[in-house]
Amino acid sequence: MAYLSRNPAPIPTPVRIGLIGSGWMGAFHAESIARRVPDAVLAAIADPNLESAEALAKSLGTAKVTASADDILADPEIDAVIIASPARFHAALISQAAAAGKHVFCEKPAGQGLDELDAALTAVEAAGVHFQIGFNRRYAADFQAAKKDLAAGIAGQPQLLRSLTRDPGNGSIPNAARVPAWTIFLETLIHDFDTLNWFNEGAEPVGVYAVADALVEPALRDQGFLDTAVVTVRYSNGAIAVAEANFSALYGYDVRGEVFGSKGMVQAGRSTETAARRYTAEGLAADTPRLNVELFRDAYTDELADFTAVVRARRDGTPPPSADFTLTPGAADARRALAVALACIESVKQGGPVAVPAATKAGV
Amino acid sequence: MAYLSRNPAPIPTPVRIGLIGSGWMGAFHAESIARRVPDAVLAAIADPNLESAEALAKSLGTAKVTASADDILADPEIDAVIIASPARFHAALISQAAAAGKHVFCEKPAGQGLDELDAALTAVEAAGVHFQIGFNRRYAADFQAAKKDLAAGIAGQPQLLRSLTRDPGNGSIPNAARVPAWTIFLETLIHDFDTLNWFNEGAEPVGVYAVADALVEPALRDQGFLDTAVVTVRYSNGAIAVAEANFSALYGYDVRGEVFGSKGMVQAGRSTETAARRYTAEGLAADTPRLNVELFRDAYTDELADFTAVVRARRDGTPPPSADFTLTPGAADARRALAVALACIESVKQGGPVAVPAATKAGV
Amino acid sequence: MAYLSRNPAPIPTPVRIGLIGSGWMGAFHAESIARRVPDAVLAAIADPNLESAEALAKSLGTAKVTASADDILADPEIDAVIIASPARFHAALISQAAAAGKHVFCEKPAGQGLDELDAALTAVEAAGVHFQIGFNRRYAADFQAAKKDLAAGIAGQPQLLRSLTRDPGNGSIPNAARVPAWTIFLETLIHDFDTLNWFNEGAEPVGVYAVADALVEPALRDQGFLDTAVVTVRYSNGAIAVAEANFSALYGYDVRGEVFGSKGMVQAGRSTETAARRYTAEGLAADTPRLNVELFRDAYTDELADFTAVVRARRDGTPPPSADFTLTPGAADARRALAVALACIESVKQGGPVAVPAATKAGV
Amino acid sequence: MAYLSRNPAPIPTPVRIGLIGSGWMGAFHAESIARRVPDAVLAAIADPNLESAEALAKSLGTAKVTASADDILADPEIDAVIIASPARFHAALISQAAAAGKHVFCEKPAGQGLDELDAALTAVEAAGVHFQIGFNRRYAADFQAAKKDLAAGIAGQPQLLRSLTRDPGNGSIPNAARVPAWTIFLETLIHDFDTLNWFNEGAEPVGVYAVADALVEPALRDQGFLDTAVVTVRYSNGAIAVAEANFSALYGYDVRGEVFGSKGMVQAGRSTETAARRYTAEGLAADTPRLNVELFRDAYTDELADFTAVVRARRDGTPPPSADFTLTPGAADARRALAVALACIESVKQGGPVAVPAATKAGV
């Protein structure tokens, strides 16, 4: 053997991440960390459902397992946590993680009410930890390209905006009866509200009018379950935005954004799975993205890679990543989008337009 | 000379059309009739502005000219009229033309209030003449293809609809101060309302919420001039529709429609002038349609060809044209779209959602 | 009656056109003239098959009929002729028409050999009549847009070109056994050769290598019938072009052009019938153009409108139409494309590359 | 601390890869292995240019370094090698690696002549090691989608094929004078030949006609440097294919494939960087892919992930990966594509069509 050297450079310590919640989203984030984010390691998994946590750990072959998030928060070998528990626990977990000095990546929504969210964000601020929310569209290549164009002034002053989310489906909603009634606003359209806020950066959402109905599952209308919604959002700069969602698109997963302004328009949204096309006696055809992990696979990876890079920069004193435009969604973004979602619920209840409470509070 | 025969078949008498109003729209219709609709002739032009009428007649080399529409209505050689006067005269002219036994093609809106429109449509019905309104998008090839797909059930039960109109512009609105305040609803969005009603055939618009502002020309806001609007329309079948308009798109003329339903989605709207593409150091580029006559030239011709064919069938007892789907926009369509537009004006005044009065009245 | 005037302007005499040949193409041109070109009238039809001519005249309700083209050429009321007979008669008819002082629009190819074509074009030149050949792609909107970009230098110096034609079909070729063996070069690819020559304006085709086979109808290979071909064309400016044809595309009519050069690329070719799109559980779909009259309807009209305008300008001394780029295909274009087609036949026979004889001769 | 377990599953030994050649391509593969292929580790780097190897090792923080490939081949801790040296060393290195029992991933071409390649592939066969060649397009999502459609018979029997490569450039070719004259066939078009062979699976290339020139850098024509080429390939099933290449596309990296057959057409090729679009006063615009790592980043990763998976399955006795269609390019593919490339060189020299020697030899 005549190798010149072995390991010429010290291997930098990867960012050690603890996962809280091993459901579908948590498991996907775990896999991203373990296999697609080279600078991070999945150090531990916490889930009250230990079987779920153990199965995930086994499939990835790497992590410590516990039933209690407390173990992760107390573990000095953990740099940061991914919170992917049910939404009702988010705000409290953020507070606890911040108090334990862990950097926080939290799935949306960061809270279910402004009060609990403000408490959590105050804890984050007090602890000085990094906070990022899972608004993954900011990391989709086409949404970033659109944002870059907007930041460069291509569309001019925004006047009309649109963001829509149509989840893939087959005409019914599995277990719909068990999904919380306001999910369409708090968990789905909150993505669109962030997209609109991000695309219309510098303006604040000031009022909304929301219409929602159970059109996919009319039988659930009486239980208050809503699967289709359209929201008009007014902004402080006069721009008028529309957000739209539906829980069952038979052609797959459809997520689009559009900004029209004084100088032009930018659009984001990918309607086909690849650039391949086929032409037959039936005409032109192409495959559409069927799953959110088909449409946003790279975005899911990149949001965690960005989180990892920022945490590493904080921990090791290295330079943080940078972009030509606002990218990482943080505390103010989480609060602003939630404020819009909550106003929508109020609008549906009242049957008319309602104001959005000051979306940013002092210090956030 | 050894021709076997001369004129072996009798030339059918073309449909003889009188034009009322020789402004921009009237002049374009006149040219379509004279040069692009072989079964019709432009027989006469009436305009109080005689110079305008004479110039148009001269350019087309064919028509009789008068300052008074009465002359056209009294002319037994005229089969039908095209009403392209200012909108405030539409309803009265429809009534008069019907009373004179003339078939009527009227530019939108057919009236400015439901009462005057109902009176006009009652006259049409009493006279038994054919009535068509200038909702030209029904004749655009891509909108027809979408409608055909909808009629075939491709999208299933409609749940979400969208129609938008962005007029070409350069960032300001010439003579905006002289345009009536509610033009955006009565003359622009009325197209979109018809598109939505047509695409959601079988359902009635039941309520609207309209937001409008002066974003292109903020200086005119105080005079009530609106250049940007977003409207949410609820339908009797639960479908939620959005109509959107703006008076100054720097990239050209942008008209699109979209229907999402229980089985899929159909879209209409042409974003480039032709299929040509260019690739340079700047990337991919293509020309966008700049003028409404670029985007709708064939539609303008085809709506008049359809009108001509129906009038001819009525006059000569020949079979009328047919299609696989509802096509010709008539009295009920004119009224339904106007009802939505008027409700929008009320919604803006009230700042909240309002009901659309029963859009079809008995007998229409 | 109080009309101010009747027919205030003298109606200009339309261009009076005689049709020679009432087969499919002739009938379509006749309909274009009679119904879609307002400045022309179809004055007479000649066809040895009198029944065909009479049926066409009857359907259009206008024309004189004869079995002999001589009657049309001798008719002083005829300004110009459209030659749509079988190709083997083209060159002789051009000569006779020119000698009779008629302007000539001739379907492609203008002749089947360079000698007979040169004789015809010499007659045209001697008579001073206008000559146009039916290279309709020059009038397709997207091909014109591409040409305009090329004329503006968007692609820089051409290096690689492509033109393809795939005829709509269902996997077999009706009456293929009766179609002349070299049709694919003389009647189909001759369009592509003109497109390439036009797109690479200023350069001459200097050599070709052609490969052809019977892939759609292998049973006809022994009879020499070719339904699939690929041609490499070298140009005097070094550019390398590929022309490709096939007689049976199940997805419809596919015609495309592409020029790559030192500064970029331009593309022409329309792959869908309209801008409408549908999304279902099967993915994205759109209709493709099925017939040549779907793909080139406007081009067929516009080539005759251009012909009519030039003839009228010649006859009446009015200004001819103009464009930002070379448009009307004339004698030199007819000859250049034919020279390439004939060289292809030689290349197939020899199984190797062959030179293209000087494509333009003195005086043409 | 109360974790239930630590590392519940044994971590499988990753595939240990040695890199031979640390130039641009080698460095990129090294980064892919180190950061984007979780089941592989970059164990060592060999390059006679030790500085280059050390810099790469340092940037990735992981590998042993040597000036001699022999060290890697002798290292029992190495499972497989990536050969990314200059092409003239490929065949010999394949033979040596195989003799040392290492699985081989080799950049294209696998050899510069059929004799040396056959010797290498014989060694591979004798050693029973896995061999893969770097035809990365097989791993591009749109090319895979097209192949899947072809395997499903969507296009029917292939009749016309096209594959093109236009490298990104700015109108000149850096260091062109130092690039071997036949690079366009041996290193660029060889990709296209493999694409055509793969798309037309089951048929053999039997003859070629190649035209090539120095159109980007005419000054280098006399030195035999070719930057633009068009190749016609005949296949044993009658299909006619065209491959095209150019070394300087100002709009970026352009790679496309198309198969037309008895039932339809499939196309691959991505013309824009993302799905984002911008509309301004200039019209529609979008960014084009500028670099090969923009266009093929995922393909570069996936070809190595596939290689890793196969090597691991061989080593550990686990099931190999599978697909609905032929995927991994191996010995026969390397030979078949090289045979076409070499025939092209002969065709250019002779100025006429030449036969392709039996592309597969016994045992390969």
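Residue numbering begins at 1 within each chain, and the chains themselves are lettered A, B, C and D in the order written.
Keep this in mind: a contact is a pair of C-beta atoms (placed from the backbone, for glycine too) under 8 Å apart; a residue touches a chain by one contact, two chains touch by 3 or more.
On a predicted model such as this, the values are computed, not experimentally measured, just so you know.
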{"item": "Chain located farthest away, centre of chain C as origin (C-alpha)", "value": "A"}
{"item": "Interface with more contacting C-beta pairs, comparing A-D to A-B", "value": "A-D"}
{"item": "Euclidean distance of C-alpha centroids - chain A vs chain C, Å", "value": "56"}
{"item": "Cα-centroid distance, chain A relative to chain B, in whole angstrom", "value": "43"}
{"item": "Cα-centroid distance, chain A relative to chain D, in whole angstrom", "value": "37"}
{"item": "Contacts with 2+ other chains: residues of chain C", "value": "249-251, 254, 263-265, 271, 273, 279-281, 287"}
{"item": "Sites on chain D touched by chain B in the complex", "value": "170, 249-252, 254, 271-273, 279-288"}
{"item": "Of all residues in chain B, those that touch chain A in their complex", "value": "156-157, 159-160, 166, 171, 209, 211, 213, 215-216, 218, 228-230, 232, 234, 238-240, 242, 244, 246, 248-251, 254, 260, 262-265, 351-353"}
{"item": "Complex contacts: residues of chain C adjacent to chain B", "value": "1-12, 34-36, 38, 44, 50, 54, 57-59, 61-68, 71, 74-75, 141-146, 149, 154-155, 263-271, 273-281, 287"}
